Amino acid sequence: MSFQLKNVSKTFKNQDKELKVVKDINLTVDDGEFLCLLGPSGSGKTTILRMMAGLDFPTNGEITENGGPVSGPSPGRGFVFQQYSLFPWRNVLDNVAFGLEVKGMETQERYENARNYIKMVGLTEFENSYPHELSGGMKQRVAIARALANDPQALLMDEPFAALDVQTRHNLQEELVKIWQEELQTIIFVTHNVDEAVYLADRVVVLSRLPGEIINTFRVEIERVRDRASTEFVDLKKEITDVLGY
Amino acid sequence: YYNTTNRADDITVAYLSSDHEAAFMVAQDQDMYKKAGLNVKSTQMSSGSSIVSAVASGDVDIGYVGITPALQGISNGVPIKIVAAVNLVGSGIVVESDSNITSIPDLKGKKVATPGVSSIQEVLLLYELQKYNMTAADLDILSVNIFIIPETLASGKADAYIAYEPFVTLSTYRDTGRVLMYSDEILPNHPCCVIIARQDFIDQHPQDLQKFLDIHKNSTDYVNAHLNETAYLINDVMTTNPSLEEMALPHIIFVSQLDEDFQASVMNFLEIEQELGYIKANLTPEQIFDTQFSGG
Amino acid sequence: MALIIPIIILIIWGILTTYTGLIPSYLIPSPYAVLQAFENLITNGTLLTDTVSTLIRVFLGFMVAALVAIPLGILIGWFKIADDLSGFIIGILRPIPPIAWIPFAILWFGVGLGSAIFIIFLGSVFPILINTIDGVKRTDKVYIESAYTMGASQLQTLRKVVVPAALPNIITGLKVGIGIGLMCTVAAEMIGSDNGLGYLIFTSTSMLDTASAIVAMLVIGVIGLAFDYLFTRTERKINW
Amino acid sequence: MALIIPIIILIIWGILTTYTGLIPSYLIPSPYAVLQAFENLITNGTLLTDTVSTLIRVFLGFMVAALVAIPLGILIGWFKIADDLSGFIIGILRPIPPIAWIPFAILWFGVGLGSAIFIIFLGSVFPILINTIDGVKRTDKVYIESAYTMGASQLQTLRKVVVPAALPNIITGLKVGIGIGLMCTVAAEMIGSDNGLGYLIFTSTSMLDTASAIVAMLVIGVIGLAFDYLFTRTERKINW
Amino acid sequence: MSFQLKNVSKTFKNQDKELKVVKDINLTVDDGEFLCLLGPSGSGKTTILRMMAGLDFPTNGEITENGGPVSGPSPGRGFVFQQYSLFPWRNVLDNVAFGLEVKGMETQERYENARNYIKMVGLTEFENSYPHELSGGMKQRVAIARALANDPQALLMDEPFAALDVQTRHNLQEELVKIWQEELQTIIFVTHNVDEAVYLADRVVVLSRLPGEIINTFRVEIERVRDRASTEFVDLKKEITDVLGY
C-alpha cells in the first residue's frame, strides 16, 4: 500500500485559540516501504499517523492511499496506539483475536493465529490475563500482537516499543523486520529512538518542532540484518542525532 | 360568655374532591364560617382513608369522608366520631347503552368494575347479588380507580360498573352507557358521606364544632333548595361540568342530621360490611356517633 | 453487618409504637402487628399469589423496558441524528406520571395484564434509556478507533466494543429501572387487577389496615433487594 | 429537527381523533380540543398557578434529594463500611411505591407542602443515589492514587478528585432523578393540595376531561425537557 | 529519606492462578541517593515502586522509610506513574498546582510555583490546555512537573521520560540532576534506557525476569556533569547492557 500526503496541514481549535500542529507535509510512502518518523515531543507525529489511518482529517491538503483518498479507518491499515488501547473486558487472547473475530474467522483458527503472535511478543503464559493484570510494557506488546495478527497491508505504529527493555525491544525489532520482509507491508513507525529508526527503516523522516514540518529525510541503505556496530550504522545514527539536536 | 381557651385558632377540614361535599363548598363560598367567627382552613385529599389518617394524626380536625373509611377507622381504634351526616344514596350500576344486560342476573359472568374492595359501591353490589343468590364468584369484579371507571366501560373493557355520582350520570351524559339501577333501589336511603371529628377536638372545642355543624345544616338546606346554583358552584371549585352536575345532583340526597333513621341505616350498613368480613370489630352506636351536635 | 441499621430501625419502631404512646397504632402499627398481618396473609395464601402476580407483571414490564431501552439507548447514544430526532420527544414523555398514562393504557391494552405491564414499562424504561445513552456516549474513543482499525463494522463495533464499554452504566440503569418499575406497581395494579402487592397496598391502606400495607411494602422491598443483589453480582463479574 | 417526531405524532393523533372514528373523543381528545383546554386553562389562570406550585414542590423535593443523595452516595461509594451498612436498607426502601408512603408522609409532615416535598424526594433520591455510588466506585484508581501521593487528605481526594471524576454519572443521576420526581407529582399532590399539575391531571381525568389532563401532561413534559436541557448543558461544559 | 526493603516478595492472585511477581528483594536506598531500576518488561519494577510509595503492599517482607514502616502514600514520596495520570478535568496549570493546592497554598503563590515547573518541562504555552489536548510526551512532562512542584523528599519515577525525544529527554535529565543536587531528594527511577541510567544514577539495580530478583548492582562513580562520550561512561553502559542481555 502506498501513501501520498500533499500539502497536509492540521489545525486544532480549542477554547479561544487555534493551534497549527502540522504544516505543509509532502510525503510519499511507497508500497512495501519501512518508514520511521522522528521528531520532538508534540511535533505532530501522532497527528500525522492518525490522519493516515483515517482517524482524523487534515485541515488542508490531501492524503491518498494507493491513489484513492483516505476516508476513514480500514483493516488494511493496522494501528498501534501510543496510549493503552486494549479492551479491558477481553483477555489477552481475545484482544489479539479481535480483528480475526470481526472478519468472521472460526474460533479455533483465530485462536491458533492469535497465539502465534502472542508467542512472538513473549506473552504465551499470559494469554488468559486481563489488561489490568499486565505491566505497561506487556500491554504494549499485546497491542503490537493485536495489530500484526490482523495482517494489514500497512502498519501505522506509534512508539510501539517505547516501554520495552532493550532486550525485548531488540527481539521485537528483529521479529518485525522478519515479518515485514515476508509480507512486505508498508510500515510507518514513530519512535524517539534513533538507534531503532536506523535499525528498522528504509527511510527516516525527521519533523521540526511545532508546527511539525519535515526538516530532513535520510535514506538508510544498510543491508539487513543490520549490524549496530558497523560504522555506517553508527555514523548515520550520529548524523540523525545531530539533526534532532539542531 | 365564651371561654377563650375553648376556641380553636384554626379548624382544619379535609374533604374529598366530590360533589357529595357540596354543602361544604357552599358554606365556604358564602363565607359562612368567617361570618360565624370560625377560621376554617380546608384541604382536599384524594381518598377517604388518607383523610382518616390526616384526622388521626392531628393535622386535620374535621373530615368529610365516606361511611366505609369512617367505620373502618373507628373499628381500628382511631379516636374519631361521626358528628354529622352529609348525604344518602347517590351511587348506581351502569351498563353500556346498547347492552343486553337488563337485570342483575344478566351480570353473571360479566366484567364489573368497582372503585375498590370494601368501597360502599362494592358492598352495595355484593349485597344486591345476594338477593339473587349470587356471589362475587359469579362475576368478574375488577377494582378500578374511580376516575377511570367510566373509561373502562366506554372502551369496552368492562361490561358494567358501579360507582358514585357524578360517575354514574357521566356515562349517560356522554351517551356511553345507561343506568341499570340506582343505589336507592339496592338499599334504600343507605348512608354515604359523613363528617368525622377527632375525639380530643370534640372534647376541647365543642362550641366551635357546634357552630361548624350548624353551618353545615344551613348549607345543606341551601343545597337542597338551590340545586342549580350548587351545580355551578361545584363547577367552579372542581374542574367539572355544570350540566353534568345538574343532572347528577338530584340523585343525591343531602342531609345533615344524625337522626335515628340515619343511625339505623349506618348500623344496617355496618352489619352488611361485617358479614362481608370487611369490618371485624363489633361497634355500638355510642362508639360510632356523637349526637350532641346534630342529634336531629 | 448489613442488618445493623434495619435492626436499629426495628427496635426504635418497636419502642415507639409499643412502649411509648407517641405513635398510636392506628397510624403506624407495631412490628408485632405487622408480623401478625404477615402471618395472616401467609396463611390465607393471598401474599403468595400477590407476590407472584406482581413479580410476573414487574418482570414482564421490566423485560420489555430493557429490550426497548438498551437497543434504543445504544442507537441514540451512537447516532447523532437519532439523538437529535428523539431528544425532544423523550424529554417530554419521560417525566409524565404513570398514572396519567392510565387512560391510554386502558385504550391500548385494556384492563388487565397488558396495562399493568405498560405502566411498569413506563417506569423502568427511562432510567435504563438515559443510563444507556450516557454510557454509550462516554465510551472511550480509543476503543472505538481500535475496533475500526481492525476492520470492525459499525455494527460489530457497537456489539463488541460500545456495549461492553457501556455495560457498567447500563447495569446502573437496570438497577434504577427495576426500582422505579417496582415503584409503579401501585399505579399499575390500580387498573383492573384484583391481586398483586400494589393492589394489596392500595386496598389495605384504603381499609386503614396499615399493617398489611407495610407487609406489602416490605415484600416489594425484598424483591427490589433481590434484583439489586443480582445486578451487583453481574456487575462484579464483568467488572474489569 | 427535534420536532420531526412530535409533529408526526401530532398529525397521526389529529387524523385518528378527528377524521376517523377510530378513537372516540372521550378517550383521547383531538389536538384541537387539547388546544382549547389549554386556552381555557390559561385564561382562567389555573394553569399558571398549577405550574408554579408544581415547580416549587418538585424543585424543593429534588433539591433535598440531591443534597441528601450526592453526599450520601459519595460516602457509600467510598467507604466499604458505609456500603455494607446501608446496602440492605436502601435496597429495601428503594422500590417502595411513593403512594405507599402517604400515611407516613401525613404523620411526619402533615397535609401540605411538607408531604408533597417528601413524596417527590422519595422519587428523586434513589436514582441520584445509585448513580452517584456507582460513579464513585468506578473512579479510575490512578487519579485517587495520584491525589494521595501529592498529599491530598481523604476529604480533599473526595472533593477534588472523586467528585469531578464521578460527575458525569452524578449528572446522569440528576437527569433521571428529576424525571422520576416529576413522575411523582400526582402522588405528591394527592395529599392536601388543591393545585398543581398532578392535581390537575388527577381531577381532570376523574371528570373525564382528558383534554385538560393532556395539557397538564404536556406541561410536565416541558418542565422535564427544560431540566434535561439544563443538565445536558452542564454536562457538556464539564465534559472533559 | 532512606528506604529499606527486607525480603520483600509480592504475589498477585488472579482468577485461578497465583503469580509471584517480586521475590526476596533486599535493598537499602540511602537518603539523597539517586537509584535507577532496570529490568525486563514485566519484571516487577512498577510493583516495587508502588510498594515503596505505599500504594501496594508486600505479600512477604517489610518496607521501611527512615526506619518506620511504609503504611500508605504520603506527599513526602512523590510518584510519577507509568500510565497517564493527569486529572482530565483540570488544565495543565491546575494539574501541576494540585499538590500545592491541597497543602493550602494561596492561588497566586501556587500558580507562580507551578509555572516554574511547567516552564522547566517546556510547556508554558500549554498551561491552559487540558490533558486531552496534549500529546503523549507532553502529558508525561506535565506529570513530571506535577511531582516536582510538590517538592517531595523522595521521588519515585516510573519510566518518566519514555515517550520523549532525545533532545527533550536530555534536557530533562539535566534539569532533574540539577534539582536533585540542590534539594538532595532520594530518587528511585525506573527506566529501560541504559544510557539514561548511567547518566543519572548513583547506583543502578538490575532485576531479573519474572519473578523479579536483584541480579546485579552497579555503582556509578563518574563525576557529574557526566560526559556521555567518556570511556568510563561508555564502558559502564556496555557492561550493564551485557548483563541485561544475559
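For clarity, chains are labelled A, B, C, D and E in written order, and residue numbers in each chain start from 1.
Just so it is clear, a residue touches a chain if its C-beta (ideal position, glycine included) is under 8 Å from a C-beta of that chain, and two chains touch if they have at least 3 such contacts.
Just so it is clear, the model here is predicted, and its values are computed rather than measured.
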item	value
Intersection of the contact lists for subunit A and subunit D	C, E
Any chain that touches subunit E and subunit D	none
Interface sides of subunit C and subunit D: same vs different residues, half threshold	same
Whole-Å gap separating subunit B and subunit E, where each centre is the average of the chain's CA atoms	81
Approximate Å spacing (C-alpha centroids) for the pair subunit C, subunit D	15
Between subunit C and subunit B, distance of the C-alpha-averaged centres to the nearest whole Å	35
Residues of subunit E engaged with two or more neighbouring chains	83-84, 130
Where subunit C touches two or more other chains at once, by residue number	27, 102-103, 107, 202, 205
Overlap residues in subunit B, where contacts from two or more other chains coincide	47, 50, 53, 57, 148, 151, 155
Every chain pair meeting the contact rule	A-C, A-E, B-C, B-D, C-D, D-E
Residue ranges of subunit A touching subunit C (in the complex, touch as defined)	53, 55, 72-75, 77-79, 81, 83-85, 87-89, 98-99, 101-103, 130-132, 146-147, 150
Subunit D residues within the subunit B interface of the complex	24, 26-27, 46, 102-103, 106-107, 110-112, 190-194, 199-200, 202-209, 212
In the complex with subunit D, residue positions of subunit B that touch it	12, 14, 17, 42-47, 50, 53-54, 57, 59-60, 146-148, 150-151, 154-155, 166, 170, 174, 176, 238-241
Complex interface listing, subunit C residues touching subunit D	1-6, 9, 23, 27-28, 84-89, 91-100, 102-104, 107, 123, 126-127, 130-131, 134, 138, 168-169, 172, 175-176, 178-187, 198, 201-202, 205, 210, 213, 216-218, 220-225, 228-229
Complex contacts: residues of subunit A adjacent to subunit E	12, 14-15, 38-42, 45-46, 82-84, 128-130, 133-138, 141, 159, 162-169, 192, 194, 241, 244-246
